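Common to both upcoming complexes is chain A, partnered first by chain B, then by chain C.
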Partner chain A sequence: MTSSDLSIMIGVARRQAIRTFTTPQLVIPLVLFPLLLFTAFVGSASAIAKNPNFDYYDYTAFEFVYVLMQSAASAGVATGIAVAQDFESGFARRMLVATPRRSVLLGGIVLAGIIQQLWLAAVLLVVALAAGMSIHGSAIEVIGMFGLALLFNIAGTLYASGVAFRAQTTQVGPALQLPILLPLFFAPVYAPRKLLTHWLHEVANWNPVTPLLEAGRGLLAGAPVSVAIAFGIVGGAGVLLAVFAFTGLRRVERA
Partner chain B sequence: MKGFAAQIGPLAQRSIVRTFRRPPLVAAGFVFPLILYGFTYGGLGKAATKLPGFPTSSYATFALGLTFAYAGIYATTLAGGQIGDDVQTGFIKRLALTRLGSITLLLGQLTGVVFFAFLQGAVFLAVGFALGAHVAAGVGGAFVVVAFGAFNAITLGTVGIMAALRVGSGQAVAGLFPVFMASMFLSSMNLPRDLIRAGWFRTIATYNPLSYLMEAPRSLLVTGWSPEPLLLGLLVGASIFIPALLSTAASLRALSVRK
Partner chain C sequence: MTAPAGPEASGTPTAIRRRGEDSNSIEVEGLVREFKGGFRAVDGLDLHVDPGEIYGFLGPNGAGKSTTVHMLTTLLTPTGGTARVAGYDVAKEGAEVRRAIGVALQEAALDPLLNAHEHMRLQCALQGLPRSEWKARGDELIERVGLTSAAGRRVGGYSGGMRRRLDLALALVHRPRVIFLDEPTTGLDPKSRGDLWDEIARLAREEGVTIFLTTQYLEEADLLAERIGIIDHGKMVAEGTPAELKAEIGRPTVEIVPRDPDQRAALAAALRRFGEPAVSTKGAAVRLQHGAEDLPDVVRALDAEGMAIESLELHAPTLDDVFLTQTGRSLEEEVRRDSGIIEVPPELAARA
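And now, the complex of A and B:
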């Protein structure tokens, strides 16, 4: 990668991130939705921690990991919607003409998603710590948990961008969110897997988001579980979705 | 009375037809609350019923109450969106210039939404029964539960109409939906208020009107005929409905004044 490529990548990322943070329709749901879920889940269902089979150390921490993963996916989707807006306004075509290589453009978009996710994770962490969350994991384990969320965010950005390259309209927004939100809902959200109702337990067993949540919660608790599986899932999904996004971009260029 | 029926009839018919003419909106009115119901029931069903003092051994029954509050929330978007469209096309202004009373106009516009809420209620009950839910208040109670869904639709649907008339656009009313959804998450949706451990959240849920619109039908499902939650549900609903109705009537009267 040349210094010119790097400067283009940073420019694309900077523009996407600034646009997301200065567009109320994008930034308000991006910040408020995870905060609302965190408040609602911790506030309304913390009594679940009194169940003798609830074996996690802190309910606030239990829900923090869920909201962190949810926000990682949402930040990726928001980036994809911003890309779709660029196609509607015609700016994306100008960007394609001005950028020598597809990978640089895609890299800039992914970098924008990462910036948004880091910012969101920082906000969530401050709120969770203010709400009394304690961290039992070591520094390496906590970094591992945030790394997992970051990889999930990259996978989400690549998926959302791939869809945006193909659809080139913001009307695809709800269809874009559903495949990400549904697996996040049918996972161990309120309680560990063993406390889920039978049918949801079965769904959660097959849901790829489940190991992600369990690994994140294990790392935060300082008792890692399913870490390799979780990294394998998000890493594998990232590679597949990179191909999906890249072929989408190639299709745009051909058109 | 005959004149009233003649006035409201065509409006009601139009309202019902246009409510069902948009399949994606109709589908969203059923699918989303059922996903929310399934998610809540699946996630909390096993753990919540073991809590000391939980009012029933069937969380499928407890969680079913949220779908009837959702019927009201969804009515905001449906009714507000329809009126918003009418404002933008100028239809509402033409109606306001006729001899049609503002209350008649409002009731006519709400008919489709109420009809839809009854249908939603029947489907929600059927799904709940399939998942093992029951109605402690019996067969009569089941009808009242569905009627409460329709009452919630009238109450919050009127708020949607009021907002659409004030803003003049259906799209702007769509912004109310996330606000109400957020309120639903901050209510007694997951656990009874006395079992919510976090004091600050219990306070929010206590001051949240949606808690009462949810607890009224839920009480019929879980405990049977208890006057307190039913009366509170009706009173809270009325305290939202009456000001919204008066404001809507004033907005409609203002539309008929030539400027």
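And now, the complex of A and C:
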């Protein structure tokens, strides 16, 4: 990668950051949704922690990991929707016609998603700590948990960008969110997998998001489980979705 | 409105054509773009634009102008033929083409949430300018297009003219050798249009930039372009300097509107002996066989037939006449219709 490529990536990400963080209509929903989800789960479902079979050390920490993963995916999807908006407004053409090596644009889009996610994660962490969440994992384990969320965010951005390159319209927004939000909601959201019953338990067993949540929760608790599986799933998905996004960009180029 | 000094008037700026070889030309041979369903938006187009020339590409909406520009700027892939811009093949050397060109597309695609400085920084990054040049180059261009005092404001609050000027400034960031301007003045007020014309003429005259300008405005093409290509239904129907194209038409046209609209057919028949009929949307018109000296005879003939007339106009050949001759349609009429301007019938106008 040349310094010029890096400049392009930073330029694209910087633009998205300026748009998001200086526009209340964009930044408030972005941060409000995970915060509402967090307070709603912690406030309404914390009684689950009294169940003798609930063996996690802290319900706030238990929900923090879920909301962190959910916000990572949402930030990725929001970045993809911004790409679709650029096609609708014609701004994408400006970028396509100005950039000699267009594949670099995708790097900038991913970087934009990462910046949003890092900011969201910081806000969530501050709120969770203020709400009394304790951290039992080591620094490396906590970094590993945030790393998982970041990879999940990258996978989400690549998926959403791939769809946006193909559809080039924001009308795909709802359809774009569904494949990400559904697995997130059918994972062990408010109770550990062993407390889930019937079909929900079955679905959680097969849901690829389950190992992700369990690994994140294990890392935060300092008792890692399924870490390799989780990194394998999110890394593998990232590779596949990178191919999906690149072929989408190629399709735009071959228009 | 200031009419810019035409490039012809200012002399050929060969000395100023810095990167000057012949590489900032545009060469198109048999260019085709066929869309799904077999529709050919561009159908075997040939054209050549010399380095440092302003080339006007004229045609009504849907003629294939924007599709051609999109292919030449690597936004669309040709389905046939070849095109070289600044010496590079648009289909095979897209990255090199993009390094050499500046583009301002039909709708000034700006981000309403960014200000002019932020747009400049992004454009400098995209075009690969060294970071140390960003501020100076951005400020210079913002000043050149007269946006310094508004540069800190979000573009969402800019007028159409301000947006167009910023768009042009952004296209110039990396000192391109060839600039594509796709209908740059559509929707602008006369003052903004004049300002933009001045800047376009200056670019060609002083910096030796090749400019490919698409427009629906005949006046714009007539004033700015050294040569004009007229496209219709994806094909080039005429090409040459404005003077050459008008000379092909040669003789003036007289257009007469009868007071009684029912007399249009009789009027057309009476005029036929003075030359070949020309298209008139309101009355009847004829291209005078012996030029303006036929006019007294025309008036006498109508008088003899007792035909009352609403108006009589003698038109020197215009680019619209060229368009009319080549396509059978009036470009001015099409533009007026496309922009939603409705002709008021004379009887309604009189009543009003």
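Keep in mind that, in the parts below, the second predicted complex is superposed on the first by the 250 of 255 C-alpha atoms of A that agree within 3 Å, B and C clash if a C-alpha of one lies under 4 Å from a C-alpha of the other, contacts with A are read in each partner's own complex, and residues count from 1 in each chain.
Heads up, the rule we're going with is that contacts are C-beta pairs under 8 Å (C-beta built on N, C-alpha and C of every residue); 3 or more make two chains touch, one makes a residue touch a chain.
If you're wondering where the values come from, they're calculated on a predicted model, not measured in any experiment.
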Partners on chain A (chain B, chain C) - clash or fit: fit
Chain B versus chain C as contact partner of A:Leu36, first or second or both or neither: first
Included angle at chain A between vectors to chain C and chain B, based on C-alpha centres and rounded to the nearest 10 degrees: 90
Touching partner for A:Ala175 - first (chain B), second (chain C), both, neither: neither
Touching partner for A:Ala122 - first (chain B), second (chain C), both, neither: neither
Which of chain B and chain C A:Ser44 touches, first, second, both or neither: first
Touching partner for A:Ala228 - first (chain B), second (chain C), both, neither: neither
Partner chain in contact with A:Val239 - chain B first, chain C second, else both or neither: neither
Which of chain B and chain C A:Arg94 touches, first, second, both or neither: second
Smallest separation of CA atoms, chain C relative to chain B, angstrom: 21
Shared chain A surface residues [contacts with chain B and with chain C]: none
Complex interface listing, chain B residues touching chain A: 35, 38-39, 41-48, 50-51, 59, 178, 182, 185-186, 188-191, 195-198, 200-201, 204-205
Chain A - residues contacting chain C, complex: 4, 7-8, 10-12, 14-15, 18-19, 22-23, 89-91, 93-101, 253-255
Parts of chain A lying in touch with chain B, wherever the complex brings them together: 29, 32, 36-37, 39-40, 42-48, 50-51, 53-54, 182, 185-186, 188-191, 195-197, 199-200, 203
Interfacial residue positions of chain C with respect to chain A in the complex: 73-77, 94-96, 98-99, 101, 103, 105, 107, 109-111, 113-114, 118, 121-128, 131, 170
